[in-house]
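Below, chain A partners chain B and then partners chain C, in two separate complexes.
This part shows the complex of A and B:
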């Protein structure tokens, strides 16, 4: 899952000409990774199309993950 | 064929927009609750260019799934025309709370949710057109339409900020503000009141749903790619 997400992030960034930080890891703060809030929205849209799920809509309470690790975990929990 | 989703396409302005979209070469996904003779005729005549999807926007919880299914069935849409609305009138002091809640749900909550989820495939495509149908009443006001007017002003406000949000992804968001057009929604306005609306137009007549559909056609076109966050008013000049 993590690999898939990182691949999509890299793809979105290269399509948009955005620069992504060199070493994406669990502690990378999403909004400092080089993706802005729109890029983040595109990421959620891409994942919904590929995995057929949007964990954020399925949650009863709004959750806004801060780091890449938190983001990946949400998708892992939801698809398991 | 580019896909355009038109809500409230069973009659009135939405039906005219669907007709215009077919003429412009799009494939239309017409959304509404009740099949009408006119829509059935379009479906029969242009079966390749239009499909009907039944949905009641008072079910806001189902909108996410509905949007996902539409995208899966037809592919990523090029355009969304948020046209469906109700026009219940009545002075605020006696308008039932249920009517107030329905107006807010169908006229503003539902289009915001539908836009949220139809926007996603547009974001992936990095192109798209969103058109929110407001009304001149959003800015001019009309006796007995305070809640309706509030929902229409809200939609125009929604346009402005969303246009800023998604512009970088090549998606435009605009508002259409029609003036009075003769449809089911306005059938109660007759006689002297209708005459006074007509008199206010410098052109001496009212705009038609076809006039407004042409404006939608422009906003959906490639030629409008540098027009976003704005309002096109089609009211035969009555608010000028």
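This part shows the complex of A and C:
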């Protein structure tokens, strides 16, 4: 899942001409990764196309992830 | 008729009451009134002047409101984000006689003869609708129509420190400025529009009341530092507030009063919802207990009838025979709630920025290899909607390369929130029974 997410982030950045920090890892703060909130929304939309789910519409307790690790975990929990 | 004037309202507060704080300025009522008088004296405006206020820093912006409200015929607010062409068009269509920006105040054309009476009527506050296609329209408010729903309780208000995250030249920004000014609260504003500086300013100045779009609230919660502010008043507006963001805010700020407001430049602040649930109570429809008379037309349009409406043809054209204003928002009753589904025009709301699909389609059609295109809003749990495009390519055209060319072209021609975030390809586009392009949100 993490690899898939990082691939899409790289693709969005390349599509839109945004610069992404090197070495994306679990501790990378999403809003400091080079994606702004629009980029982040596009990431969630592209993942929805691939996985056919958007965990942020399915949560009982809404969580807004700060790091890439937290973001990946939300998707892993939702797809398991 | 007794017309309220901003300077007079401010005089009802004590002179040393602090109104505004930035990184470098603290402004009291006395200071503000003196600066406003100085500005008025050097501006050469008369009661028949119509002045454009363009991209002013907040301190100058508030000073100009106090200086000119009640003294000129009209003030035109030009947001900092407007391009030069749109700015020029609005100045001409508003018939402005004066222009003020952060550097100068100049006379741009001769107005009519000065009226003999300086209190012929309330000053018009002309606001541009947030159209982003070069055709924003002017809506003529007054201090009274803009402050209709502003709470005015100085005892309560003095305990609030409002932060400002909106452009003060737009409707939502003016609402925050008036809420703080009229209720005797302190308004904090960052001198930088950079997100980092804004957050630091909010936390350092112990802001406890804040208004933002649902998209910006999500970003603030993702960043996390906003939880360093003990927020007591949280306002959401400008976009549909979903249950997730309302619950998320409740979880982080359990003591806060959370309000989502339904407002538009055209209708003003129509009503607000305080119960923490998305949408609004269905019982309000055609009911005297509603905060404003409202009904739902057969085609799903929400109609409202605020007690004060702006003037002008733009508004008149949207009133029905009973005086109800067509909000052009589509709603649906779901159980005991009325939920917002989007704009009747198909306009896309990307984090509070409005996008007209036809405008984006016209650009994309310019790309070599595009036979036809349909642009529509795709629902986003993060920023309300994002722009999606369905493309019909020329037969035999390699779509991977075409996709890249469309994206590159959009980067050159439009803002990044106008460019499609999702692009798909199809052999044929659907049209509805009226022969119109389907634009329903997925």
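The working rule: the second predicted complex is superposed on the first by the 80 of 80 C-alpha atoms of A that agree within 3 Å, B and C clash if a C-alpha of one lies under 4 Å from a C-alpha of the other, contacts with A are read in each partner's own complex, and residues count from 1 in each chain.
By definition in this document, a residue touches a chain if its C-beta (ideal position, glycine included) is under 8 Å from a C-beta of that chain, and two chains touch if they have at least 3 such contacts.
These figures come from a predicted structure and were not determined experimentally.
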item: Contacts of A:46 with chain B and chain C, given as first, second, both or neither; value: both
item: Partner chain(s) touched by A:54 [first = chain B, second = chain C, both, neither]; value: both
item: Which superposed partner A:24 touches (first chain B, second chain C, both, neither); value: neither
item: First (chain B), second (chain C), both or neither touched by A:8; value: neither
item: First, second, both or neither for A:38, with chain B first and chain C second; value: both
item: Chain B versus chain C as contact partner of A:74, first or second or both or neither; value: neither
item: Chain B versus chain C, judged by how many residues of chain A each one touches; value: C
item: Touched partner set for A:65, first chain B, second chain C, both or neither; value: second
item: Interface residues of chain A shared between complexes with chain B and chain C; value: 15-16, 38, 41-42, 44-46, 49, 54, 57
item: Partner chain A, residues of chain B touching it in the complex; value: 64, 68, 71, 119-121, 123-124, 126, 165-166, 168-169
item: Contact footprint of chain B on chain A as seen in their complex; value: 15-16, 38, 41-42, 44-46, 48-49, 52, 54, 57
item: In the complex, chain A residues that touch chain C; value: 12, 15-17, 30-31, 37-38, 40-42, 44-46, 49, 54, 56-57, 59, 61-66
item: Of all residues in chain C, those that touch chain A in their complex; value: 195, 215-216, 218-219, 221-224, 244-245, 247-248, 251, 350-351, 378, 380-383, 386, 388, 404, 407, 411, 416-417, 419, 421-422
